[in-house]
Structures are given as structure tokens and as C-alpha cells.
Amino acid sequence: MNTAVTLCGIPLDNPVMAASGTFGYGAEFAELYDINCLGSFSFKGTTLAPRFGNPTPRIAESASGMLNAVGLQNPGVHKVIEEELPRMRAFFLKPVMANVSGFALDEYVQTCRLLDSQPQIGWLEVNISCPNVHGGGMSFGTCPQSAAEVTRAVKAVCKKPVIIKLSPNVSDIAAIARACEDAGADGLSLINTLVGMRLDLKTRKPILSNVTGGLSGPAILPVALNMVYRVYRAVRIPVVGMGGISSARDVVEMMLAGATAVQVGAANLVDPYICRDIIKDLPRVMDQYGINSLSDIIGGAHS
Amino acid sequence: MNTAVTLCGIPLDNPVMAASGTFGYGAEFAELYDINCLGSFSFKGTTLAPRFGNPTPRIAESASGMLNAVGLQNPGVHKVIEEELPRMRAFFLKPVMANVSGFALDEYVQTCRLLDSQPQIGWLEVNISCPNVHGGGMSFGTCPQSAAEVTRAVKAVCKKPVIIKLSPNVSDIAAIARACEDAGADGLSLINTLVGMRLDLKTRKPILSNVTGGLSGPAILPVALNMVYRVYRAVRIPVVGMGGISSARDVVEMMLAGATAVQVGAANLVDPYICRDIIKDLPRVMDQYGINSLSDIIGGAHS
Amino acid sequence: MTQGLYTVRSNRPIAALTYEMQLEGDTSALVRPGQFVNLRTGGHYLRRPLSVCAWDASGMTLIYKVVGEGTDWLSTCMPGDTIDMLCGLGNGFDTSVSGQYPLLVGGGVGLPPLYQLARQLVDEGKQPRLIMGFNSEREVFYRQEFERLLPVTVTTMDGSCGVRGLVTDVPPAADCTYFYACGPFPMLRALCGCMTVPGQLSLEERMGCGFGACMGCTIHTRLGDKRVCKEGPVFLKEELIW
Amino acid sequence: MTQGLYTVRSNRPIAALTYEMQLEGDTSALVRPGQFVNLRTGGHYLRRPLSVCAWDASGMTLIYKVVGEGTDWLSTCMPGDTIDMLCGLGNGFDTSVSGQYPLLVGGGVGLPPLYQLARQLVDEGKQPRLIMGFNSEREVFYRQEFERLLPVTVTTMDGSCGVRGLVTDVPPAADCTYFYACGPFPMLRALCGCMTVPGQLSLEERMGCGFGACMGCTIHTRLGDKRVCKEGPVFLKEELIW
């Protein structure tokens, strides 16, 4: 049985990646298992300058899901290059995906340029969809023009494949996907979290200090499947599918909808071995559904 | 302890209503319990002409939620007026909410005009957000201009309070809410279902014949709370909050976010007594959180 | 319809991936064979519909095949566990029109509702026969139980038990007055194509509620649109549109 | 950190809404008092963090207050049930700096981690004391257990047991060399305001993962940004910013 797929020209042993923000720079998981079993992973959303993010509480819970309002805490691109990447080299030998965020066009460009030159990095995943930052992070992902603008600007300075990560909090994700493709994106990744809120009945206030947070986990799987399905129909570039994946059968479902590779996010937090276990379980599920090669089923629901 | 609230001038014994499409015209539930314990209920989405809706399968499941693609099956407004309303009179003595859908402006207007003259009806709930119909039903709810247009047209022919039911599948629900308010809406109700999809791994096709369906149930509660919270800040007219409510504590949470009344949808399907049980449990939860009168906590999270 | 908690009395495999579960609890809402229950399985949002295989005043028997998460969960239930069910759903079979020699035709886990039906027909002094179809011998269940009540013909696709082929490969007895069927959709369609006597068929649809509230299960029939959970699951051959 | 299934040995109420649970399973990842576990409660998406109250080679004791759905579920666990836990999380208390007369201060369900700490300090030949604070007598637990190890002062807000008032209303002994504290945020802040000796405090934050992956629990400290689950939950008095 063949689990291999190719994402923007780079072969993956299997389509399972850990999603940005739920896997740090890999170190915490590398202590638990050999993370080279992963297809790859997308590291924590990185910005030009270091960021603390939002004050706590940053986490809330909901039925089959969680809200986070971490707000892109990261040490900044320089420290990532000087400290995290060299450290990562000791335990992860495959190309890693660099997740980049920004608050202005120029910031995206500078951060991507710096990361593009790092040999360990396979793909740039440009997050134009983080809903937890005030001052613009969201707006890039909610209109086709600005999404295209970021894509073009980043593409101009990068040699590596650029994957644009889309927000689900939009009326028409296909329009944004097409705009990114037209602007030169090599791939798309979706979905980021849905904007959500929980309130504390005792204090009568929102639980999160940031008021709103991003909903992820199994609760959003049907929304993610629909958006991957729609975007697959709208573009020709590969789609990285995510949102609620927590089993090998979810991986297959997401690939049928149109994903070339998938990412597992929140599930890593509640079950630290989940990516390893999903990868182990893939051949059994492939066998169950008569799948010889995973790359054959990409977008299989559309044929 | 006081559970009474007032919705667009009409007093409700309590804020708990059953949501449209999950309570039929009340008959199935009236066989189970005395549905006069409800604040009210919103009856099945009614259109000018009878509709069969979509072919089966119309239902799929997801973590803490379900997808439906019923597609507005209903007997048409004339039969509702001639048969359903007279039948309803036998078991429901309070003002009922009339949920109206349409595929063209004129259709909304005609249907609303007919229902407005029915004494049993307290409010018109105009659904500009049903995602399961091809040919326009969705588009009215996804742009402020057309939402305002429907609102204005319906208001022009109705004496009763007109509540516009909004779609969550939009980038900026507050903008649509404001457009409806400016066009004369007496209230807003939100959220309708999120567009979602599930695939069948055996057939490798979408489960629903309609391909996509509307996601509802506890999975969407955080999304609903956020949208109610945002809309509450954006408008001065009352908001009917719904999406994933399945307990008395969810009712309180939704009211803190800004809802004057709430609706319970999918939960009725899996637990037919849920509305009755929530209403019974409300005083206990009010006591637990020190609430004397529910009307005091509407939008309480904003103060 | 009633809602209540039912206590598992026994739960045992009776064929490949197929289990028989006996439950104790209120069966007062069951009035006809072919009615179904809708049960909550651990952690899943929607209930699962299962036909009632047999019942008496104190409890009922269900037979189910493990095909997904909910039925898998069911298979792990132990005696003493309780299950939340809506009971007495759907219309069920009408035995008053059966004539003296009704034919029962069941495919796989379509068989369960035919068991109570057979008991009732026999009680009413009729002489029913049964054709039960499976893919292979490993799937055969309730053969003895049925044989105690009525003459049984078994068919299997691979010929590993009984007649090789489909249930429709067995010609009904010449004196057959009526038929009752439950099983996979293609079987029901083929059966309707070849049966000359009138009959009743039990259908399956994915359900939101199971008690008529959501319109999740509506189909077109020649007698108007009908909810499989409420006006069905049993339909007359004459009204079905294939 | 290890992940594993733990078997409930006992689970009993020990004060108002407060339970003591004993579990059997792998404790090899526990190296310091003040570490915590993160456990899955039925049907909830996130795990629940609980401090380890005591442990030995074969198992551990947890003490928890029922404050919501997860802890409510825990209170219904029966001996023999298994619970999925991540074990050995966080840094824990450092006893090497305690001096001879450390003071332990615990408020409500902040007390549990101080129990293993007290045992260890006593084992190390130190002479700790404890101030335990509650709202009222109904909430008091583990008084005897602690009194077997060290001198205990109880405070209650309503005076129904011990000294009326807050833990900060009890002046620490003059010879106090260090303090260790765990409890509600306002208590910790007040304590830091009045303690003249150095100390360590265990904090709480809502957690996504509990093992450093999500940045869900990061706080500013004078020594940089730290994850409560990984670099904490125990912090030096000196580094905390109130």
C-alpha cells in the first residue's frame, strides 16, 4: 500500500502533517516519538518581530472543539532561524513547512524572504487568516484583492513553494482561492479556525481575554470538508486540508474532498501521539476502503 | 424568579422557543407534552408554493452536530393557513412565529402578507439564510444590500414585527445586521446553519444528495455566541439567539451574549423533550448564577 | 412514541458482525411488527434507528450489524448497561391484508422486523413462508428461530448455504397471497419487479429525528410525499416509485 | 511526560463538593511535588489539569473540587474505571532551597500539591508548617492527614473552623525560612505582598495541551515569557508580575 503523495513538487512519505500552532517547533513531540514518521509539520506561526500574543485566558472549550486566542506568540523570525531551526535539525530530517504571519504586507515579505533561504524549509505557508490579532491579520484573508496582494508580494521574493492559508470566516472562499492562484500561489491550505466565543456564567464575561478566539477540533470538520471541496473545484493548485481531523478515516475523507495533504491541529493537544497513530492506522483504513495508493484518491469525490 | 422577556413588544413567559425546521408545525411535539410551556416556537420554513425539497439522503452526522439538506420541504403558505394553523390552534394557544423563505423578493412579500393577517401569528421570521436551496435563497443573506431589500419589501406589507434571520456564512454579519435594522427590521434572529459536508468513504461521494448541508447542534455554539455578541453591539433591535443550544446554561450564555430570546433547534430532534426540560431547569440555573430576572441579563456580557 | 432507558439483558454475536441484543423496558408504544426504535449510542449526536425484531410486555430483541461507529459502540454494551431509546416509531406492517399464504422476504439485517411479523401471522392462523437472503453462510442468523415458526428457504450469493443466488431467484409458491419484505434497496426493487401479488416493503433512510419532526427522511410516493419515519418505514408496493 | 490509562482505586467525597481519588498506574514520570496530570473526562474535548496530591511507585492520589462538567464527571467514576492521563507535567516545587523552616500555604483545592511537598520536606529532615485556608468548615479536608506530618493552622472566612479570616491573617513563624503556596490568585497575590522570605507559588491557567505545545498558558514573568504548563506551574515569588 502506498501512502506517498507529492505536495508542490516535494514528495511526502504520507499526507499527514501537524498543523501550525499545535506542534510548536516540534521539540515537545520529538521527546515523545520520532516525528520523522510525519509527512511533515508546519511550525508555529512566525512573525518578523517577537510577539507575546494575547493575555491569558487564551483557551476555552466547546463541544468537540476548543477556542484559542494565543495571538501568534512566537520568538520572531530571527530567533527562529538562529535557534529553533538549528535545534530542529537534530530531530527532524525532512523539509518542514514554515508558517508565516504578519500585520502589514512588508512584514510578510521580509519574514518570508528570510525563511525562504533556509535549507530545512520545504514550503512557506502564509497565514492570511489568523483571526486572533487586531490590526489587519484577518483582513488580508477576507477579501480577494488583499489576498492576491500578499500572494504576489511573497511570491516575488521566494523560490520555495508558497502556500496561502485561507480563512473560513468568509462568504466565498472559492473567490479568494482563485485570487491567490491567479496571483501565483503554489498551493492553498485551509481551513484556519472559525471565529467563536464562550462566556463565563459566573463572571458574565467572555472567557477569553481577547473576547473571541478561533474554533478548531472535530466540531469544524464538516465546514472544512465543504471548503476544501469547493476550493478544489475552483483552482488547479494543490490544497492542504485541515480542520477537525483526528483519525485515519478523517484523512481519507479530507483527501476525497480534494486535499493533497492534510494537517492535524487541535487533536495533537489532547492526544500527543495522534499524528503517529493516524499514520500507523492509514494502511488499515486504506485496506478497508480498497485504496491502494493515497495519491489516487485526491479529489476522488469529484470524479 | 422571573423568566419572562418581551420580544418586539410581545411578552414571552420564558425566552425558550423551538427553532424553525426542527419542530414542524408543533403537532409531533404536542403529542408528547403540552407545548404551551414554550415561550413560543417558529414553525417550519414556509414558502409561497409547496416544496418537496431535496432528494434523500438529507441528513448526515458529525461530531456534536448534524447536517441537514431538507431544502425547505413545506406544504406552501396556502395549506399552512388552511390546514396547519387551524390544527395548531387546538394545542398551541400563544402567538407563534412564522418562518418564511423565498427565492425571489416577490415571493417573500406575498408569503409574508398572507401570514401577517393570521391572528395566531405573533412575529414573522424571514429566513434570508437557508443554504440548502439553489437559486438565490442564500444570496439574500450574504450581502447587506439584498438583505436590506428583502427587509424593506416585507416590512412594507406587514403589521406584525418582522425578524430577519441571518446567515452565519458571511465575512461580516454585523454589516448585514445593520443593513436590516436600517431597512426597518424589528428584530434579528441568528444563526442559521453553517454550510458543511460529509463524504461516504465507501461510495467516495458526498453523503447528502444535495452535496452540502447545514451544520447545526452543539458544534456551532461558539460561532453562534460570537455572532450574537457582535450583532448585539451593532444594532439596537432585539436579537433571537440560536445555534447549538441544548441546556438551560446555554440559554443563559446566549442571553449574556445579547439574545432577548433563544431558539433550540437540532436538540429537539435527538431529545424530543429538551425544550420542556430546559424550561423546567431554568430556575435552578438562574439560582445557581444569582439571576433574579432573565430580562436583566440580556447582553449582560457587554456592560 | 415513548422515550426511556432500557437495560441490556444480553448482547451476543449471532453471525459475522451481527449481534442480537435483548433489552428490558417499556414496550407499550409498540403496536405492530415492523416498527422501530431510535437509540442513542455513546457520544454520537444523532440516534440510530433499529427495527424491533421481537417484543413482549417486558422487553424487546434487536438485531444489528456493525457497519459504523454507532453500531460498533452498541456491540460493546454489556448486560446491565442502559440505553436511551425512543420506542414505537413508524407505522409497521399491516397483517390484516396478508391472506392465508403470505411470503416474507428478508435480506441480511432486513430480516429482524420479519421475525415478530412471522410470529404474529402464525398467531393469526396464517401460513407464512420465508425466503432469507445473505451474501454467505457466515452471515446467516436466526435460521432455527424462523424455522420453528414457518418454512424457510435460505439463499446466499456465494452458494455457501442454501440456494445460490438472490432471494428473487427463488420462485414464490403458487398459492402466495401477499408479500412482506425488508432488505437492501436493490433487493426490494428487484422483488417488486417480479412479485405479482401485492405486498408491503420496509425502507431505510438516514434520519434526523425518527418521529416526524425534521422532514429528513421524506420520499415521493404515488400517494404523496411521505416521511419514512412516520408514514413509513413500511410502504405498499403500489405506492413506491423506484 | 507519559500517557497512559490509570485505574480508579477509590473515589470518595472528603468535603463539600471535594473528592479524593486514588488511581493505580505508571507514576514514573513524576519527579517532584507540585507536578500535575492532565486527564480526559468523558466526552469533553480538552483534558483537565489536576495537581498530584501524593504518589508512590504504584499509583497516585488526586483531590479535586466539582466546579464544572469535567470535575462533575470525575466525581461519578467508580473503582475499576480507567482514566486516560498525561502524567508528570510541569516543573514542580524545588525543595532544595527551603531552608529548615519552610511555610506551606494552601487555599481550598490549592492544598493538594502541598501534601506530597510536605511529605518530601519532612523526609528531607526539614520542619515545615502549614496554613490551610477555606471559606468554611464544610470545605475543610485533609486536616488530619497534614497534621500527621506537620503543625497546621486552619483559617476559614466565616470562622466556622480555626482562625477566622484569610491565610494572610496568620503571621508566619519568626524563624520561617521560605514559603510554598498554592491557591486562588487573590490569595497568592496577597501572600506575596506580605511574605518577607522568598518562596515558590503554583499558578493555574486554562490549558490547551498541558505539555508546552500550544502556548495557551503563557504569562509574562520577570525572567521572560513562560508557559505555566511547562516552565510552571511553580514560579518563584521574585519572577511573578502581579
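By letter and in written order, the chains are A, B, C and D; residue numbering begins at 1 in each of them.
Note that contacts are C-beta pairs under 8 Å (C-beta built on N, C-alpha and C of every residue); 3 or more make two chains touch, one makes a residue touch a chain.
Quick caveat: nothing in here was measured; it's all calculated off a predicted structure.
Contact with both chain A and chain B is made by no chain of the assembly. Centre-to-centre separation between chain B and chain C, using Cα means, comes to 36 Å. Spacing of chain A relative to chain C, judged by their CA centroids, is 46 angstrom. Averaging Cα coordinates per chain places chain C and chain D 56 Å apart. Shared interface positions of chain A, defined as residues touching 2 or more other chains, are 60, 62-65, 217-218.
Multi-chain contact residues of chain D, defined as those touching 2 or more other chains: none present.
Taken chain by chain, the contacts run in an open path, each chain touching the next and the two ends left apart.
Touching chain pairs in this entry, ordered by label, are A-B, A-D, B-C. Put simply, chain A touches chain B in their complex at residues 60, 62-65, 67, 142-143, 169-172, 194-199, 201-202, 204-206, 211-213, 215, 217-223, 225-226, 229, 244, 249, 252-253, 256-257, 289, 297, 300-301.
Residue ranges on chain C touching chain B, taken from their complex, read 1, 3, 40, 44-47, 86, 205-209, 211-220, 225, 228, 230.
Considering their complex, residues 21-24, 28-29, 31-32, 44, 52-53, 56-66, 68, 70, 73, 207, 217-218, 266, 268-270, 272-273 of chain B touch chain C.
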